[in-house]
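Take a look at the structures listed below.
Okay, so subunit A shows up in both of these, paired with subunit B first and subunit C after.
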Partner chain A sequence: MSKPRLGVFKFSSCDGCQLSLLDCEDELLAVAGVIDIAYFPEATRADDVGHYDIAFIEGSVTTPHEAEMIQDIRARSTALITLGACATSGGIQALKNGADTAAFIDAVYAHPEYIDTLDTATPISDHVTVDFELRGCPISKHQLIELVAATLVGRTPQTPAHATCIDCKLAGHVCVMVTQGTPCLGPVTHAGCGALCPGYARGCYGCFGPKETANTASLTAQLAVNGADRRQIHRLLQTFNANAPEFRQEAENHD
Partner chain B sequence: MTATATKDVTPVVLSHAGLDALIAALAVDRQVIGPVRRDGAVVYEPVSSVADLPRGWVDDQAGGTYRMRREGDRLFGYTVGPSSWKRFLHPPKQVLWRAGDGAITPEPIAKERFAFLGVRGCELAAIAVQDKVFLDGPYRDPHYAARRAAAFIVAVNCTRAGGTCFCVSMETGPKAAPGYDIALTEIGGELLAEAGSDAGGMILSAVPTRPATQADLDAAAAGIAGAEAQMGRAINTEGLADLLTDNPDHPRWDVVADRCLNCANCTMVCPTCFCTTVDEVSALDSDATTRESRWASCFTTEFSYVHGGAVRPGAKSRYRQWMTHKLGSWWDQFDMSGCTGCGRCVTWCPVGIDITEEAAAIRSDLEAEGG
Partner chain C sequence: MTDKIIKVDMLARVEGEGAFKVVVRDGKIVGTEFRIFEPPRFFEAFLQGRDHTEAPDITARICGICPVAYQMSSVHAMEMALGITVDGPLRDLRRLLYCGEWIESHVLHAAMLHAPDFLGYAGAIEMAKDGHGDVVKLALEYKKAGNAIVSFIGGREIHPINVRVGGFYKVPRKADFAPLREQLLRARDLAETFVDWTASFDFPDKERDYTMVSLAHGTEYPMNEGRVVSNKGLDIAVTDWPAHFREDHVAHSNALQGFMVDGGAYLCGPVSRFNNAYDQLSDRAKAATQRVGLPRDCKNPYRSITVRAVESLYAVDEALRIIDTYEEPDAPFVDYAPRAGIGMAATEAPRGLLFHRYELTEDGSIKTAQIVPPTSQNQPSIEQDLQSFIADILDRPDAEILHLCEQTIRNYDPCISCATHFLELDIDRA
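== the complex of A and B ==
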């Protein structure tokens, strides 16, 4: 069997998720051994030509150019897989959704006339069919390797959609919400990071976005009981997955 | 250890130095796991002496809150924290077998030898529940069996109860029932020690003790009675299994579903919850695969997922299933209660859902209706 041909594409994003691929270090040679990394501007000089068995997409669609580009990549790819919060929910740049884009551009750029942007930052799945989404800001190296390994043997990757609380308890961390009243999004956040922040006595920031059947309303009610004010709750939900419906709706409820 | 005492063993009294000697004696051929204060809670971790124990610390617990504070000078003044002994006997992850090069190799049977220091009555009852699940019946877990057979249990009778404790209702405490090798009760600055097995008796005879007086026995009984009177919660178990099973459409299930986060914390901290799922871990550069079991929870979509969707799609059906199983259908399945009254599910629920309150609400509504 010939090695699957991989293309890695960047949309509006910070590059952090792509770099997770390079960050595989010990496993990187094994990855390179089983996959033909045909297009990956962060790592190779090859041009973007031809068909890809696997396309990794990082970033959100935030410009008219990106809206066209994703259609082209979709047409040339067998499996299109999104990497990270930007590609999966719109990213932190989706904070601009619903705001006055022109006013932002005027405030930030010396020459607003050079800026050609959409009014929204949207997930890839709003534009094309996505075969698999890897969550996180950034994605987890462990999950990326699992994704590659599972794809190669033809099984579904194991990236459970359950709460971060499960991973927190598996790791033996002590709950920061129950013992300290720390605002924590763990109970509504998709697992994948290994409960990194609670392991350092911090609340979960929700980097992996909403879990399946997230009850954000019940959690925010308890955060308020524990002493968080509306502004804190609003801001907690308005980060890397601000545009994910379960987070956005609850943030709006705390405007 | 077998938990059968073949002869009456006269209770003795251990000083803190005597407890140190006991820990050292257990550590000769076992890893001693005991209570340690970490990150604002008492958790179970390796201990090497009395100095590691949370002396002078107690906990205040309520639905969704746990706080530690200083009080008195007891070694075991705290009640139960987020961890339980299942973490050691039935660990969160367990390799089952490895495959590669056309062969499947079962994982060698677990060799850990633990000594548990500070097992409370509710926890000893929970170990008995997991024994029933993992050791009886056709699907015996050989790793659990090996760890369990090698484990030495030092129970501690509670002399203080927490805000979410209800062992009295579940008849599991505060005095530990047989099943221990040694049971300790804190009396002043010393500990009354009773052997519950030959192994317990032998090790007690090998460490410095003094004979117990009637005053020591009275002090221990008074301490346990004090804890019994302090129960933070109660649950009326009379007819409870039928009450829950017969009322799957009670409106209270909707009320609890509005609050339930489906986060699974209750099942993770529950000392009797035993469900696991399996993960395949594939190597990138060969056909090697490892199959691992991992704690699972009935509060996830994945748990009840079958072709076409999840049988229990949301909090209402999941909470109902979990609570009805714990307090009801567990009796049909294992001829015992799945709840031992430790209160962990109440304390460690981030929004403080209280199994005793839910049971009472369903009962009182039905009684008000004359049901």
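== the complex of A and C ==
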């Protein structure tokens, strides 16, 4: 049987999620042994276009060119998998959604006429059917290896959608919100990081996006009780998954 | 030969989306354009109105390869605006974190992105499958030690979570360093071998008289702090940076281009640091430099791969020095009250000087933000390199010209996400 063909594609992003693959120092050569890396410009000049058994997509759609490109990749791929917060929810650049794009361009560039960009940063699933989404800003490399292993044998990857709060309890961390009053998105954030931030004595800032059935209204009520003002709550929900519906709507409630 | 177009739709093994164009008329180059079309993400716009404490986490997302650099430049700039000084063990821990990023970023670039140019492969995986498996494994092991530092101090390799204005959220205990120290001692041997390997390549015999700009610090190889100096006599405080440098917006690039105010291009990054601060390298790094015959005044940008290897060896040495002298601080961060102010800082990202400037309002919100990444500053120099280095090979086969162009651009370890991924080469011969 021939090896499955992998393509790795970048849209608007920081490169960090695809870098996670190169950061799998112990597994990279083994992965390269069982998968035909047909297209991965960050790692290789090989430019093998055609059909992909697996397409990894990093980044969100922010330009007219990207909106066309994702259609082409979908048409040539069997399994299309998004890697990370940008591809899955729009990423940090979705902060421009709802803002005045012309004013944003003015703020950064001297010649706005040179810049060609859409008014929104949108997740890949707004444009094409996505077969699996890996969360995180950045993704967890352990989940990435699980994803590759599961995809190779045709099973669903084990990436639980419960709250980071549960992982935090399992890790035995002292609750930063209960003991310090530190704002923490752990109760509404998708697991995957291993409750990293509370382990470092800071609140979760939601980089894995909303968990399943996130009760953000209940959490923000408690944040207010603890002394956070509306602006702080708005900012807390408007970072790397600003465009995820559960975070966006609750942030709008605190405009 | 004077009338044709050569086009490469993708230059791989760089970080971001860019293109390059050479215009040839009557057998002579009349123009070069290095074009960055990485989509703009408007960080400087959406930082406006955010809290100053959010800057290290938000600006980290500009680049997944060098997030620590963004975190460092932003916290130093904020601390200037807030009037606080972070020194002692907290300063040392920041330098240690930066050592980790230098190692992982430099070794990634040197072994996996740049070395294939010298050895004639599409990428490191292809290299590993064709007789270079041992050295690729060595590089992965070495790179892993850099990532181990970043994970240990920062919580994770990419977009670390432990950096804050004033210091850290949590600092390590002295005893916790033991496994990392052992890993770095092993990495030091790998680092020596790695310098020798990168120096064994054939280097194009090309040099330019660059204006080399870097930080310089009296007593240590530049990372977090120092004055901005050049090999041509510039010596200014970081706060004078805006008076001596400017950014231009050109039609062919989504990244602003950096120039000196007199309009001259300049070079920042490892070769500049090496030239300006050689004396501050560790004895082991100096010995390796001499062993492999790397010139003390290196002007050949292709040798930047060996300079990166020397800097990485230095970073391993420096990390071990910091670990061995570390004393636990009294508190993980310096406390402060928000205030209005202006703050500026430059630190040395792996690929060169990274300048941040913020204006804060009384409640500590960001009023304006300016971020000048190293690749923006290096764009004009990249264009001049191409103009200068391919002029004498225009009659050679296209594949050879393309190869040299790509290799030349990769000398810079360009981070096009910071400033580029698809590098399109278009030689217009009319």
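What we mean here is this: the second predicted complex is superposed on the first by the 254 of 255 C-alpha atoms of A that agree within 3 Å, B and C clash if a C-alpha of one lies under 4 Å from a C-alpha of the other, contacts with A are read in each partner's own complex, and residues count from 1 in each chain.
FYI, a contact is a pair of C-beta atoms (placed from the backbone, for glycine too) under 8 Å apart; a residue touches a chain by one contact, two chains touch by 3 or more.
Since the model is a prediction, treat every value here as computed from it, not as a measurement.
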Partners on subunit A (subunit B, subunit C) - clash or fit: fit
Touched partner set for A:88, first subunit B, second subunit C, both or neither: neither
Touched partner set for A:213, first subunit B, second subunit C, both or neither: first
Partner chain in contact with A:13 - subunit B first, subunit C second, else both or neither: second
Contacts of A:172 with subunit B and subunit C, given as first, second, both or neither: first
Partner chain in contact with A:122 - subunit B first, subunit C second, else both or neither: neither
Touching partner for A:153 - first (subunit B), second (subunit C), both, neither: first
Partner chain(s) touched by A:103 [first = subunit B, second = subunit C, both, neither]: second
Vertex subunit A angle, Cα centres of subunit C and subunit B, expressed to the nearest 10 degrees: 110
Contacts of A:43 with subunit B and subunit C, given as first, second, both or neither: second
Minimal inter-chain CA distance - subunit C and subunit B, angstrom: 11
Footprint overlap on subunit A, comparing subunit B with subunit C: 201
Complex contacts: residues of subunit A adjacent to subunit B: 27, 30-31, 33-34, 145-146, 148-150, 152-153, 155, 158, 160-163, 165-166, 169-170, 172-175, 177-181, 184, 186-188, 201, 211-215, 218-219, 221-222
Subunit C partner contacts - residues on subunit A that touch it in the complex: 10-20, 22-23, 25-26, 28-29, 32, 37, 40-47, 62-63, 66, 91-93, 95-96, 99, 103-105, 107-111, 114-115, 117, 121, 137-138, 141, 193, 196-197, 199-202, 205, 207, 232, 235, 239-240
Residues of subunit C that touch subunit A when the two form their complex: 9-17, 39-46, 48, 50-51, 54, 57-58, 61-65, 67, 104, 108, 112-113, 116, 122-126, 128-129, 133, 136-137, 140-141, 143-144, 147, 155-159, 161-162, 164, 169-170, 248-251, 254, 256, 332, 406, 417, 421-422
Subunit B residues touching subunit A - in the complex, by the definition given at the top: 38-41, 43, 64-68, 81-83, 87, 92-93, 258-265, 268-269, 279-285, 294-295, 297, 299-302, 313-315, 347-348, 350-352
